[in-house]
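What follows is chain A paired twice: with chain B in the first complex and chain C in the second.
On to the complex of A and B.
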């Protein structure tokens, strides 16, 4: 009984004590949390097309004072920088901030007008309660600086210099880099309006996937091309054709197309052209009736794989398209275009193909046979095996996230270790000039992206096509095809990638990457419309001229332009069917 | 006996020059040499990786084929002709070949339409240059 009384009196006391302890503990916990806590301001910086803006500096003016500055008259130092997706996070330690009365966020970035965002009463109250804020998207407006014009004119000048052959491509691109970085570092010190981008940002634009894939394939092709396989294939076509020119051209077009798809169209044409000229002379037909169809087929065939053309390498890397993506989504369309091209060529050259030349002497036939033999059979066997494995890796590697650049490097190393274990040979087959061209080109294209030229082009195309995907495909494919005939298609494609990327994100239904495939078709097939449209055309013309057969601009245009229209029309049709 | 050097490439336009050189050699009883110059300067027009050594080898084979055709052409007309193949710039190599071979005459093809690399005026100027530098007589036929 007495125990019950004690318990009855003690229990409330214990409960009261417990409650008091709990309250005290809870309170102390809250205090502790408040003392160590920080609130965050998160947001996203976009341009007026809704595209994320990377590298915008975010600073804060708190209660009328620049936050983090040493003195009140100093500008507020940046607290955060927007990331690739445009997002930023500003962390505010509570003990440094204290009670917030007014908060202004300042967002600045070169080539954009600075933006200020002021927190309202509600937001300030939430911050004072310790709540973090998710801010509305901050839209920055572009500002055309002097740097904009320097970068734009430099890019245009590079295109002109390359088109007019006034400078080597690599030299032109390097000159562009020098102008852009020189303007940034020398001019930028004089006026902030001359700033384009710093060296660190410039390097961020270099796509090393492309560099390593190009370098790897360079070594692989460099080893294969000295085996005589191209010349052997050309000679076998001659033998198979049995003197029928129409059959010969059909086989040669097929071979150049496949070789261009798997290796490279410039290499293919460089090695096929001398042999083709000899075959044509042996058959008594004009070499141009074989060479022009070959180069047209080469330019079309190269599009069917990721590694077939540099433009596809650029597109694949930027858009994340795999070897299989090109194989399944583009190759059937390319095959259709190839069939149509062959029919066109047979009709176009029907008279030349009916001409029968005189008999070739035994001595000349022997020379032809000698030119068309495999020069290094043992090397070809090894190189062929490695290349076969590489193709398998290109196709199957996707399953284990093996990127094409790594496959190319693996293949290149295998070639060098097993087929050509010679450091001198290794250095000989890597064309550093080409790699420098790509690196410089990435930087120059990065500069026009940075200053907003790409954004302007995107805006113009966006307004033209609206949200109509069909219209977007038509405009992109045909404008790429036409422009590729007059300007170098590699710089053009590199510049168009961010434009197409933006359109892909904004146009409904374009998320299947159809516009990237359209760019591939337009930029590569468009090269057939003029002699300067593709490197393969120029090297073919160069060799033909040295054999006394000049391919004039007009002659090439007369044959190439209809070929371009036919193949691009079929390519466009394929895109509509497939996507 | 003199020595005639005929710079040639191939193609229909070259056949006319070759025939003229063959006729001149027969008429003067001179030795005839055809010259082909392997020039890979056109590789500068590509930004793509190429192996100049492999391309040069292919151009040599093509050049020898074209020279052999010219040789056969001469043979059919009763003239025994030889040939030489050089590498580099056509103009410089032609002058060097005249000096090296002690050629007494040089035959150049007259420009004919689109197939020609040179205009007649520049070819005449080039001929005068060869004559001044080497002492060989130049025929533009």
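On to the complex of A and C.
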């Protein structure tokens, strides 16, 4: 008891003493700092395209001696490093420097030629008077090292491996990371030309905004799915259509499109395909005439929101586009494309849709009715409420700087605590391999940025389009659309982001981010042109094939290619109208 | 004399073209017909959580069962003894393993069942079955 009293009295006294000591120490530091006179050299490092170069090391040779080195024959240690915006500050304490007769600044960075800048008489005089200097921009030129080729070939190999399905996406991307970091750490010790980037720099390229948003949305979708809402929606669309195939496909396309905008299009197709096959079988029509239109609608519908496709999540995070930006600037255009797509599908499939299908199967209809029920109404109410609040936060959160990733995590945690309090379910509803894919992809794309491949691509596109924004939009949208039919659109988009970012800064009139919206339209709508163009296509084809209904490459191309041309044309038109 | 004849079907009408021959062989040898459907692995992709994959696998298995039961009913109506078997995995491998493990003594398979993406990825199943080092007699029917 007595001890407690002593402690209670002593503690405030000790705390006050500690605080006073800390203050005194802090003040004395400040005094010491201001007492020492120093001059500063500030500057900026840029590349040939005027883009800031970060991570360039700045060292100094003063009066013919490497500044800060132990001996005259040692290289000068770096005094500063350029920041994200390319700027650097070199502070020189006057007493250490003494009288300056000659000053040479050395700027070096992996994958660039080193640069030396020599101070003129005027600058030396100013420094000797104790004035700080603002240096001219230092332009570094690229150097193609062996590391450049390693990173470039690794990136190309990943695209090829994924396109040919020789390796799982994640495995291919992880292999890329292993090659790049392995080359840096093993090869870099042998020759500096093999250095690509170190692990610390590699991690700086990982966009955790994307990782958390994707993970949060996976949990949210996983919990919502348990309620049976998707099966219910699919069954209701069958009931609403009254057995008319043309009406059924229109409703299913609408549902798929809206679901893809709010969830993710691959997930939407994972949920819609099994139910669609059941409906088609019950109605006696071929499932493909419903599935192909659905997947086309899914690829288009996903573009309308920030969370609708992984590519939009990537674009939104990189360019700082909010949920509202997508909603106000892209959604109307996507809706127009969606209407055109529906009309196209109805004309294209008119024979199948107008002819009454085979017999209605009573047994299959009963099964459909059975699986089309809301299985857990109480869960649905809770999950619906959380999802509603999430949507509000996505829309309103921008005002309080609430980033979408945080909203998604808040929603996911609420779902896990309130709707399905079971950590096992979290393990099962998150596709952890996808998250690992994104982390690895960011590192691989970071490496080609680091070695200068992105800069070369930017240069080529920049020369092609000049300062003509219309031309830039056309080239970007259509090349993205065509390439997305051949290569996986997520790595493509991730690699194009810095290119588009650079073009946005250099092309007059592009500051409204129109090129980012163009990339979104091109890469996602372009996926409709071929079966391998989008993950959703492959997933749908896979499930349909396992049920005994095959979507051939040619069949998909015949229907998908015109759909892609129509929707991308409308998308491009919308960009010209809106921006 | 064959006692167990394995008939892999992939759900396509093309593959079903082997059925008339299966009837003849089954009747003449008084053999048990084993109708087999192998569900190929779902192509790997992103954004596919394990839970949904399980659900899809279950549904594929239900569809396969419905299909095989339908074909089996036709054959049983003709007085044949029929069993059904559903497996998941690489088709050719599953067919050969099952045939060897369950003492089947003949495989009757259509030369061309699947087309499209699965064939592009896996090659022709019949081709793989006959090229495998098996001592099992394989009857390939031109379809």
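Following the convention adopted for this analysis, the second predicted complex is superposed on the first by the 541 of 579 C-alpha atoms of A that agree within 3 Å, B and C clash if a C-alpha of one lies under 4 Å from a C-alpha of the other, contacts with A are read in each partner's own complex, and residues count from 1 in each chain.
Operating definition for what follows: contacts are C-beta pairs under 8 Å (C-beta built on N, C-alpha and C of every residue); 3 or more make two chains touch, one makes a residue touch a chain.
Bear in mind the structure is a predicted one, so any value in this text is a computation, not a measurement.
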item	value
Superposition on chain A - do chain B and chain C clash or fit	clash
Partner chain in contact with A:106 - chain B first, chain C second, else both or neither	neither
Partner chain in contact with A:531 - chain B first, chain C second, else both or neither	second
Which of chain B and chain C A:207 touches, first, second, both or neither	neither
Touched partner set for A:368, first chain B, second chain C, both or neither	first
First (chain B), second (chain C), both or neither touched by A:231	first
Touching partner for A:47 - first (chain B), second (chain C), both, neither	neither
Which superposed partner A:294 touches (first chain B, second chain C, both, neither)	neither
First (chain B), second (chain C), both or neither touched by A:450	neither
Intersection of the chain A residues that touch chain B with those that touch chain C	165, 168-170, 214, 218, 222, 225, 264, 266-267, 270-271, 274, 277, 310, 428-431, 433-434, 437, 490, 535, 538-539, 541-543, 545-548, 550, 552, 555
Contacting residues of chain C [partner chain A, same complex]	10-12, 39-40, 42-52, 54-56, 59-60, 63-64, 67, 114-118, 120-121
Complex contact set, residues of chain B against chain A	8-14, 38-39, 42-51, 53-55, 58-59, 61-66, 68-69, 72, 114-117
Residues of chain A touching chain B in the complex	165, 168-170, 214, 218, 221-222, 225-226, 231, 264, 266-267, 270-271, 274-275, 277-278, 281, 310, 361, 363-364, 367-368, 370-371, 428-431, 433-434, 437, 488, 490, 535, 538-539, 541-543, 545-550, 552, 555
Residue numbers on chain A that touch chain C, as the complex places them	165, 168-170, 214, 218, 222, 225, 264, 266-267, 270-271, 273-274, 277, 310, 425, 427-431, 433-434, 437, 490, 531, 535, 538-539, 541-543, 545-548, 550-553, 555
